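Structures given as structure tokens follow.
Note that subunit A is present in both complexes that follow, paired respectively with subunit B and with subunit C.
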Partner chain A sequence: MPIIVNVDVMLATRKMRSNELAERIGMTTANLSILKTGKAKAIRFSTLEAICEVLECQPADILEYVKE
Partner chain B sequence: MKKIKILYITLFLFMIFGVLGITGSLLTIFLGEINLLEVYAYRNFGILTPFISILISIMLLCGIFNIQKALQGFLRNTYFNAKSAKHLKTGGLILVGSSILAILNGFINGSFVDKESLLLSSIIYCLLLIIGIAVLAVSDIITKGEVIEQENLLTI
Partner chain C sequence: MRKLNVLKACIDLAFYLSCLTVLAFVLFIPFAILGQMDGIPIKMQGRELIIDNWQGKVVLVFAAVSALFFVYGIYLLRKTIGFFIKKDLFSAEVIRNFNVIGICVVTSTLLMVIPTFLYNAFYRTKMGFKLEVGFDSPLLVISLGLFFMVLSEVFKIAKNLKEENDLTL
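On to the complex of A and B.
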């Protein structure tokens, strides 16, 4: 998929674990895993907002476009 | 769900009656005192006439069986699942095929029955054809719905 979700990079920067992020944004670890592995078909703005709020970053920090 | 369960049971009972009816017809033909050569001598299909009707009935039951399998899929899984869509498509095609054969059979042998019976049976077979086409349409809707559901499940 051309859109890559770089949540791992921000998690490492903020020294946070995946399960902690999932708990803080009200998401299951399974869904977060789907997001991280690029299997998600779409992301809601509310989810993106929650991730950016917890990780204190911009959407561009976690979303990247790579031409196929 | 309750309505699907009721429909499932209704189709199941219909199939039981259908099987009993076909069994009764076959027993009458083979074990009864009917002389097929005498009764069907002047029919267009000859002694094959009752067997053609039985074949159409068996096709109809196969179609209903497939629809029942699709309903079973709705009860066990979600409404939008590929297996149910496939069974609905198969059932719909069989219903359409059997109704077309029944209509053709009715018109070919129409001169041997009274006009009222021919008209009534033609209306019933046309209704069956419409139901078959409707089942095919529902199958398409279920298939497209499954795609939408999958996308929705993978929307985080």
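On to the complex of A and C.
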């Protein structure tokens, strides 16, 4: 999939653990893992909003388009 | 889901009765082939056959194979309903089962209708069309088989949509 999810990069720069993010956005760690590994087919605006709010970033910091 | 349990009970009963019919076929066919039932009218799968020559015996064998296909279809339907009871609705096996059930129903009907029609046309010089309403009509049974195949395709689409929904975060 040409859309790359950079949540792990943002987590590293914020020095935050995955389970802490999962807990704060109200998502299971299993689902966050699906998102991080790029297996997710779609992301809701509400989820994106919650991630951006917790990580204090923009959607473009999390999602990136790379041509295949 | 009470209806599902009633359906399971009906299909179970139909399956066990069909198994008895197949057993009867297995016991009866050698006698018919050996010529001990010549001239006796037999009604199989809703069609009347009079076996008095080798062509009639071939039709009888086709009818037996047709019955086996039909029973296998009922067996798969029973298995599929078992998946539904376990709430396993969109698995690959359910999709495959629906497709195979459709193939079995269509094959079974064709194996019964075509040889009987040809036999009646060439050897009994009895040709014609009978207007029927209900499940005795081959056209309706073939349509039912095709419906199962379409249902398989619909379930395949539903499975993909479900996967997509599950992977939407």
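Please note the rule applied: the second predicted complex is superposed on the first by the 68 of 68 C-alpha atoms of A that agree within 3 Å, B and C clash if a C-alpha of one lies under 4 Å from a C-alpha of the other, contacts with A are read in each partner's own complex, and residues count from 1 in each chain.
Simple rule for what comes next: a residue touches a chain if its C-beta (ideal position, glycine included) is under 8 Å from a C-beta of that chain, and two chains touch if they have at least 3 such contacts.
This one's a predicted model, so the numbers in the text were calculated from it and none came from an experiment.
Colleague: Since both structures carry subunit A, what do subunit B and subunit C do when superposed there: clash or fit?
Modeller: Overlaying the two structures gives a clash between subunit B and subunit C.
Colleague: Let me test your reading of the model: by the given contact rule, A:R44 touches which partner, first (subunit B), second (subunit C), both or neither?
Modeller: Both subunit B and subunit C are touched by A:R44.
Colleague: Just subunit B (first), just subunit C (second), both, or neither: which does A:I34 touch?
Modeller: Both subunit B and subunit C are touched by A:I34.
Colleague: Once the shared chain is lined up, is A:M16 touching subunit B (first), subunit C (second), both, or neither of them?
Modeller: A:M16 sits against neither subunit B nor subunit C.
Colleague: Could you give the residue numbers on subunit A that contact subunit B in one complex and subunit C in the other?
Modeller: Looking at subunit A, the two contact sets intersect at 27, 31-32, 34-35, 39-44, 47.
Colleague: For a test of understanding, state which residues of subunit C touch subunit A in their complex under the given definition.
Modeller: Residue positions touching the partner: 163-164, 167-169.
Colleague: What does subunit B use to touch subunit A in their complex?
Modeller: 150-151, 154-156
Colleague: What residues of subunit A sit close enough to touch subunit B in their complex?
Modeller: 27, 31-32, 34-35, 39-44, 47
Colleague: Enumerate the contact residues on subunit A facing subunit C in the complex.
Modeller: Its residues touching subunit C are 27, 31-32, 34-35, 39-44, 47.
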